[in-house]
């Protein structure tokens, strides 16, 4: 709904401000000075600079409190990775012009799926993982289908789905285990895949998944037909459809991707911690959007990159960990997170404007 | 970000589907059969029908549990009124093409402002009320100013504000009273204004404020210059600016209105219940948007009505009270609310399409 | 309404105006005078600098050098609003009207007539509706008969007419039209061209910007052709043929090369073809 | 590339097609034949039914009665995609390209060339870029020399050229152009008209829809004028003058009434004025 | 539990007339409440009770506390059982129900005010008691500086426990911080761990952590490990399978068992007997706090494995 302002304060006959020369998804090629400019006009530049600046900030002000230690680093990297797994596909969906509020609830669904199976019934974890992913696919298809068929805003469709999922997960877990919280465990391959830890058990497997997801989606967006279609769908759905892009399929696929990745995060968190909970992940909804926007994804669709969203997630991880390590009044934590988020978004916005105008 | 689909599945050369003959804000005039059609194409028709249908539904299924008693009626009316006070200005802001996530946190700020003043320091309530409204005006101006100046999406700006307000309110109340929850009291005029009750103390003063707000804003939107400007700002901000509409002022004013009304709800809830709480109102964020959309406000701006949003708030109030009185399984409550919301939105959408095509 | 065209002082003048953007000189050393009751046509192909001239006249941009003169006095507009206040109204090609609002509301937008006072001040909808319909009728638009009709249901020509009617009604002494016919069909264009004549008859100075030489010829009193920000020709009605005007607008040569059939063989359209 | 125009069977035909919408008959009993290597101009003012004809030909709508014939066989397209698959490509006025994507990506959109297999299948960006630039150059667009340039930085004419080049490159046997020059300046229009000639030379059947009689005259081989859904005239190149064509399109009379100066006095444009 | 059904209530069984009970308490997505819900349901199944369990929305705890209680009154039940978590809000509504002739029993929280509100009995525990007794256990373990983690901002019951803890410690010369989790993080164990390690990194003198539900408890153990304070004592409210294991293996010092099943079961039974026969226990039925530590963990584990829903989450 921010469309009128999304293009910035325009003048009389101004068209939307365009990055003059940069294919957001094009392969990098070198040609001297223009390489720098090309780099500066990439969508992820703002997010990268935000993350870096905050890293430096906290290294200076929270360095003695362990921000730079193995533990401190693992702390923000884990936070960034767990958020990133959810945020990267949300970023893609936003590029395609849609939005998914139900991811927060899907994390809980994934969590309970594993929890009920292992803690509740003592079955092996892989069964719960499979069930979780199956539900994710079904919910993603349902979300996508409703949005595509009715033309209703995805914000409102997925708001309804979110509530239903929260309620449904609760009802099922109470029915199955009598509780909304249940222990979870895994072994063998499932454990290796979803609960591995390194570096004195500090760095979780989420990082591996995140990097994997990032590589795959960066490759997909910049190199494959599907990536091209995603940009086109978000850029102008009618134009894309007319040249034969299966825009409905693109949207539905991305709704499935967001759900599946939400369940992935839920599974990783649950098996790493050994505990499943219905309400797990509800804070991701806003954080994921914030990460995508900090990372340069256009809220109106058609522009952005997975790498940018990942930088946004890193920014968020650094802020939320760093603030606590400042050693200031703990009650002020959230105030700082909010303030830094605002600064990051504003600086980022300025930076991009600067990079674009300077060309 | 739903723009591409907001106009529905368009065909090749289709322009956005337009309600053929209806000024959303025009004064009603009678001219036989066309009056019916004019009524059917008003934006609030969907919300009104939703509210009515759910009322009938719960009268049947929760009637013996007291849904139709004075107490049951007061219950949903209070819920609708408290939500409505927040939702109506949010609806106006959405008509102007912007959005405010920080209202939820503002309710808590208003609540703690009164709570700390009265329960914490024993000062008179009017002082807290004044402080609350002053903060609301400041926050509203800040939100509006940032959105208007930077051209950043209001979603992200107000997300940051929301976090800062939540953190700030918590920090201040713990610092001032040692708790995030504190008793509140009022007397005299302040009590009469914000804590009056009628009908065996069942119907709260929120209803009066809601009706007042509704009358004022309906009148404003349909009759005053400011209303005209609001529709124009949301419809096309560049066009509006070019014919001399002070679009920035319109947006900032509406951001102030949302904050002020949030504090109003917070004050009423706090003084009526005699208790202030930091988290008060956080559930309003989604509920207010849902109410506005159910009530026919276009998520992309430029179309909608206060009456419609009010019908949306009533729908929500009826659902949330009705579900409590159904006496069904408690763990299914949320699932049920989600499903009803989805049905309401879908039905509403169909109904509007039907009303528009039938002409 | 019809005033005699005796006024001799220009309402607005540009004197030796240059506008530079980073690297680009959009307009250089341009002077023009808009007289009341006269249609001044600014012609030029894409990028010639037409829109920049509008921006300078309507306060959206300020000149790098040179001056804008209103009623003989040099001015410096701080905003589009300031230009509006001295009576310079602009009708843009696309963004002129709001489809989801009614005809009456669109008409009065930004200058709503009100009744009542203080908090009870409200838009005089009856007057707004009456005025809007009357002005539309004045300008020859008769199909619209209900002020509550949404503008989205009107044709492109009707919308353009609404925007022009609005500008004229609210006291425009200078009406700037930026390619008002670009998106319109033949009949709709004719409607707009006829509107321009009517507006001119009321003594308004019209700046008519177009890249359609035929439309310019149909409506203009005086003409200026811009090429790369510089005036390449200036002439009055009757001094040049359409063919010559097209020649002047650089694209004409190319269009002719197509038409005269270098690539295609002779097109048998007789005398007309040479003129086009 | 240049094929001789010897094919005698139409690629696509409409036979006695009627399309009714609730209450409105948009097209009634219309027959037309698109021949390879021929530009068929469909003329008509707003609402004449031009877009409806396109929709029928491209599978967006199905006729109420009558039939669509491709290569001599009656077909019923289930979707725009089905029409594309038999080689009917459409270039729409506004929505043809995506400003925030690069030239190369826009060019191949929906028909991306790929290399690799299975999960490693990827767009062959080098080929895409090379092809896009080559095709643009073929059609006379030389300013664009980097496939990574965003389309948003190109001019309207260049964008239209990109859309046409794309359609032709991907095997269109029938190219439907819906008012491709409506939003363009003179030189850009000339570019597009020249493109149409080139496409025609390749043996593609072109359906050129416009309300600009001059553009039609510049590019067309055969002409049909629609008025209120019915063909009001059909003729070949050279059979009518531009003036007559404008007459045929109902709006012409009105534009003339303006031009011949009933309201304005004589416009001194000599012979030309009578032609327009 | 089957035995109770066998001995049954002959009067109710023969008359077949149902007693309508409205039970207002916490939401089931908070792991504390499912056993309470289970207890209430078990009672309702055993007796001719029509139970309407009305859950308060914790995310909007204050407004929801009022609305649910009002709905309970509006449904004109034979008796109401209510969890009085925000006394300022709920007390007046209890009075209102009593004035409307509905017998009210206060459940779980609200020991301070139930009597003056006109409620007929109290089945539950006393927040500050929990804090005070927990303080004693930390002191017994030789730890004086304990951080109390509030996982839901704005919940006065949790505030009260932390206050009790702080008072207890300070009385013995110790000290206590309260750390309120950023909103939203309370439901995310992984994020809670990170928040807590950040807090511990800047509060190096913290010797132990008191948490108010199991999830936060587990997070605290991980966070203390990461902060290099492995073995520092953690005490927590709630009893769950993992929590019992952690008491067993020594990584958790104690668990506070509030016995929510009893809150629900006895609350419902008491309301029933009063509504039907006018009989009810006099005064307070204390259902907690019971402490689970190394000394009694075996016994609890045994019951837990057999009847998991009765004590806490599996």
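Just so it is clear, A, B, C, D and E label the chains in written order, and each chain counts residues from 1 on its own.
As a convention for this text, a residue touches a chain if its C-beta (ideal position, glycine included) is under 8 Å from a C-beta of that chain, and two chains touch if they have at least 3 such contacts.
Chains and their UniProt names: A, B = Xylose transport system permease protein XylH; C, D = Simple sugar transport system ATP-binding protein.
As the structure is a computational prediction, the values presented were derived from the model and not from experiment.
Following the contact convention of this document, A is the list of chains adjacent to both chain B and chain E. Of all chains, the one whose Cα centroid sits at the greatest distance from that of chain D is E. Highest inter-chain contact count (C-beta pairs) belongs to A-B.
In terms of their C-alpha centroids, the spacing between chain C and chain D amounts to 29 Å.
In terms of their C-alpha centroids, the spacing between chain A and chain E amounts to 35 Å. With centres taken as mean Cα positions, chain C sits 43 Å from chain B. Chain C and chain E have CA centres that are 74 Å apart. Counting partners per residue, chain D has 80, 90, 92 as the residues that reach two or more other chains.
The multi-chain contact residues of chain A, meaning those touching 2 or more other chains, are 12, 166, 170, 174, 236, 238, 242, 331, 333-334, 337. Touching of two or more other chains is recorded for residues 28, 37, 180, 182-183 of chain E.
Note for the complex: chain B touches chain C at residues 15-16, 18-27, 29, 219, 223-225, 227-229, 231-232, 235-236, 238-245, 298, 302-303. Looking at the complex, you find that chain E touches chain A at residues 28-31, 34-35, 37-38, 177, 179-180, 182-185, 187-191, 193-195, 197-199, 201-203, 214-215, 218-219, 222, 225-227, 240-242, 308-309, 312-314. The residues of chain A lying in touch with chain B in their complex are 1-10, 12, 14, 94, 97-99, 101, 146-157, 159-168, 170-171, 174-175, 233-234, 236-238, 242, 286, 289-290, 293, 299-301, 329, 331-339, 341-342, 345-346, 349. Here chain A touches chain E in the complex through residues 65-66, 71-72, 74-76, 78-79, 82, 119-120, 166, 170, 174, 177-183, 201-202, 269, 272-275, 277-283, 320-321, 323-327, 330-331, 333-334, 337, going by the rule given at the top. Listing the residues of chain E that touch chain B in their complex gives 28, 37, 50, 52-55, 57, 59-63, 66-68, 70-71, 73-76, 86, 88-89, 92, 96, 150, 152-156, 159, 163, 178, 180, 182-183.
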